[in-house]
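If you scroll down you'll find the structure; I have some questions about it.
As written, the chains take the letters A, B, C and D, and residue 1 is the first residue of each chain.
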Amino acid sequence: MKLKNKKLNDEEFSQERKQVLATWPTGAEVNLGEGIAFHRSMPPHKNFALKLLQARDTKTTLIRCESGIPTLDEFSSYLRYLQNEGQADLLGSHIDSLTRNQRYQEAERGLQESVQTGKWVLNGFPIVAHGVAGTRKLIEEIDLPMMLRNPCVDQRLVAEIGFASGYTGTSGDPTMALCHYSRNIPFEDVIRKYQYVYRLMGYYTERGIPLIASFLGGFAILCPFSVVMAGSISAAIIAAEQGVKNFSMAFNTQGNVVQDVAASVVLRKLTKEYLDTLGYQDVEITLDMTIWSGQFPDDEFSASTVINLGVFAAVAAKSELTTVKTIEESKTIPTREASAGSLRLGKTLINILKKQDLQLDVQAVATEAKMLEMETRLIVNKILDLGNGDAAVGLVKATASGVFDNPFATSQYVQCKVRGVRDYQGAVRYLDRGNLPFNQEIIQFHQEKIAEREKAEGKKLDYQTIIDDLASISKCRI
Amino acid sequence: MNNTQNTKGTLVTGVIGEDVHIVGIRSVEYALRQAGFNIVSLGIQVSQEEFINAAVETNADAILVSSLGGHSKIWVAGLREKCEEAGLDHVLLYLGGKLIIGETNWEDSEQLFKEMGVDRVYPPDIKLAKVIEDLENDCKRKGEAS
Amino acid sequence: MKLKNKKLNDEEFSQERKQVLATWPTGAEVNLGEGIAFHRSMPPHKNFALKLLQARDTKTTLIRCESGIPTLDEFSSYLRYLQNEGQADLLGSHIDSLTRNQRYQEAERGLQESVQTGKWVLNGFPIVAHGVAGTRKLIEEIDLPMMLRNPCVDQRLVAEIGFASGYTGTSGDPTMALCHYSRNIPFEDVIRKYQYVYRLMGYYTERGIPLIASFLGGFAILCPFSVVMAGSISAAIIAAEQGVKNFSMAFNTQGNVVQDVAASVVLRKLTKEYLDTLGYQDVEITLDMTIWSGQFPDDEFSASTVINLGVFAAVAAKSELTTVKTIEESKTIPTREASAGSLRLGKTLINILKKQDLQLDVQAVATEAKMLEMETRLIVNKILDLGNGDAAVGLVKATASGVFDNPFATSQYVQCKVRGVRDYQGAVRYLDRGNLPFNQEIIQFHQEKIAEREKAEGKKLDYQTIIDDLASISKCRI
Amino acid sequence: MNNTQNTKGTLVTGVIGEDVHIVGIRSVEYALRQAGFNIVSLGIQVSQEEFINAAVETNADAILVSSLGGHSKIWVAGLREKCEEAGLDHVLLYLGGKLIIGETNWEDSEQLFKEMGVDRVYPPDIKLAKVIEDLENDCKRKGEAS
């Protein structure tokens, strides 16, 4: 099999479906026609994409948080609590990491132990163990749109079961899966598995059920935005080819508000532009600004502020969605009270700022956005070049040669040559640009910003600075 | 006892099981390397077998297991027994990260893992200086014993 | 006695001192010379004014919260907790309201009951009951500057005891005391009592101990800023004449960030300008932006956000100081954990934003500031006019004729004709300008803003809107 | 029983003691006036004597006492007795606000003030519709009794 950014044909797709569904008994519960009928029977306000488009029209920022509890009853009551007491606008389900890694047997054992002991033995919702019948109960008990939160290498079976059960979107994309959820799986394989997931989403979409895909492009944890955005734009192109029409372009805010807002401007603009140019015109793009995803403060008060700061950036950027962490992020899977409270924290800020139409320093945002746009364009263009116009092939080659990269990737196929560091104002800059295809203007810009901090602190920035900067937000500074 | 003369000891490091949290162990490695240890880094999603093979091959003094996702119990169980089977009688087993979901009492968790044969168990807010100190002491004692 | 904005002469002052100190036995403990010597023995980092000037120089925002506990031991350990666990930069002492109203006997009984039962029977620190000897213990155990928080009609004895004990500033000014802490005391009397307090502060200041006075001008709780700022500027003039050199110009943020920031610009500029023009040149002016002081949300998570929002405005405005409420504000005198946590909440935001040099929409702030400046000038000028250049006389006359006013005053001498209401974006506008001396441009500006909201909501704004707007922040919106 | 024919009753309102919190009672007055009661408003820092004098003068059906500062116990004690001394045997006493500092159990506070002779005690999150309902019922019952 040779990788290509080309829509899977019906034959290929249905062949592969048989294999996928056969990997675990609950796969047999999936029936596409029946799944589509189920979606048609759901009220439109339970569709993730439609709700986000409404937010875009009304210039509102919606809010959700992450959660995943093993047992059905407890997860259902947890989610209803977030819906009613947390005023969540949208919800989702973190899949446990055994399921993510196709260890369905162990996930099933973990589920049983959780049911028996009443303890949460798994770190998420083992959807494959629950199957369509079980999962649908969950979907039916919640009156909000639900998204799968499942960024792993092979989410094909989870997606099949999830969509058939009534989830209306999924997060995780090939770049994320490669960079942070795999060790030695070749990028070709990862992309190929995602092409299946996106084709499945296209299949529903073509039948009038818009399913939304979320793209992160790798974690922006002390990593400059341009390289992760180049990743998510490339992944979006791959999804578009398979028929995905609804794109939730996500990124982690990193705490410098001007830079976070500038990133939103660039990501929205370039996603639209590249999809458009490459012939995918009838698409809908929304943003999802998630809270800082690195280490969190232990102190719950300080954690509240870190959450608020991310929500603030999202509102200032007029992002359609913000995904918040909870005040217990540094500790463990949060209690429902902590999750609901963290949602209310953000909701209060959104409601108070809603009509204020707050504009951040237009000049500073524009300067930041200009550089970021130039950087991102250079990377995406090079990716497309390397693939002779094929984003999938290009992405694989780009990763091999370090044109696409991430400082904290777990995969042996990612070079991890780029290094980010904060500048004097806390914006993230390239301390090492690795093999990113940058021009002199960009290189100089980053050097100057880094020199500014070096001057202020009277010392060279090095690996120790990176370690310190990684921890700085958890220490309540930047 | 060490396979390299000029180090304080050889340590095999990795994140066990299906876990992908890499940042913690990278910081640990950085600190220990600075402190003069020889690090054999296995990265994420390391199986028990991989840990053991690496320890045998490099004649390691200690295996440093990181586990953040909350599934530590599932993945660490049986590791000590497998070490013994492989003839790694005296290898030190260190464990750190966020071990138990919804942990209410750290001492209980520590106890749990000690019973599984782990020599030292560390809470998430551990200072790395303490780990270095423990390793220096334990490696020396081990060297004297063997 | 005829009121005049004129420095009390030594004779008058020392006569009055004797009377004041004789009102309660602990007054006898005060000895000015010894008090000044005590201040000289304190390290400079315990001086409120000096610490604020340092903040001004380094463009930092410092943080404090309000607190007042009846017994010495408990208050001392409470304050040390705020210092160590809350990372407070400055501290203070709310005086209980019995003491504020010269009911020293009852305050003493309340203190005894508090000591005996271990319950906080009083709503603040009964400083007069503790006397200089007791209070100094408190001051000595705290390593931060301390300010009296005592906005009442007659704080002369409290000020005497407080300053002699080592407090380095006081809050409360004649406008505040009149508007919100009195019912039927003529404004002349209130001002006259404050002239004494300010003369006392001048006395210390002349001897090298800078004491700082805080000015609020009346609560900005759903009250447009211009009228309260005109009040605080007038009060500052009165203080300056008595020899006060350090001015902490305070106001309550109201939630529209652009308006809050604009208010800071105008207050700083006009205070400087009026003091300068009137011949008080060698003064130091700093700002104190305090959190919304109306009803607070019951939910502690939402309360966190309200606090964060105020701190955000303070940082954006480069205010030298922000005074935060606690997450338990809606409930009762907060526990030390809640107070310290609320401080950390704000401190985290300050630390993360510190170097970001965030600029809000410069255009919007400038427009808002322009109108606010025009309004404030018209009121202050009219006050000075009415007094033929005498701020004290003018303020009394202005209040009688509604040129100085407040919507929620408790005094029968305040007209309470002005009414504020939020506009569509949550900025506070004059629904009724009462007798404020505004020109057509201002009147029209407020009318247009109100019309905008009326149009959006499809109904006229009226008294019910005011009641709703008063509660809106406690309901987590604006 | 009422001194004005066309109202549901006459109510004396005020904030007791040294307390200055005016906003709550202003909202209460506004709602009750809308509901058809006749309000005699005394404002802040009202002494027991002032409440009683006003009630006697206006032949009031009820005295509505607000207290926010936390010193309610100090200021409300003895009010019922003084009412009786003044011949106000049947006047209703209502109390609302934030009564006790560090309140842990609302029922305890309610009990405390009921023992002092207050007819109805309200927590801060009271809906004003409930107060109106209570007043309508109590005033009617009182009217029938007298």
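Definition applied: contacts are C-beta pairs under 8 Å (C-beta built on N, C-alpha and C of every residue); 3 or more make two chains touch, one makes a residue touch a chain.
The structure displayed is predicted, hence computed values, not measured ones.
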Mean-CA-position distance for chain D and chain B (Å): 69
Centroid spacing, where centroids are CA-atom means, of chain A and chain D in whole angstrom: 57
Geometric centre distance via CA averages, chain B-chain A, whole Å: 32
Intercentroid distance (Cα basis), chain C paired with chain A, Å: 46
Sequence positions of chain A contacting 2 or more other chains: none
Sites on chain B at which at least two other chains make contact: none
Topology of the chain contact graph, where touching chains are joined (line, ring, star, complete, other): line
Pairwise chain contacts under the document criterion: A-B, A-C, C-D
Of chain B, residues touching chain A in the complex: 18-20, 22-23, 26-27, 30, 43-45, 69-71, 73-74, 98, 100-103, 124-125
Chain D-touching residues of chain C, taken from the complex the two chains share: 97-98, 100-101, 103, 106, 110, 119-123, 180-183, 221, 294-295, 298, 330-333, 408, 410, 412, 463, 467, 470
Of all residues in chain C, those that touch chain A in their complex: 255-258, 297, 299-302, 304-306, 308-309, 312, 341-342, 344-349, 351-364, 424-426, 473, 476-478
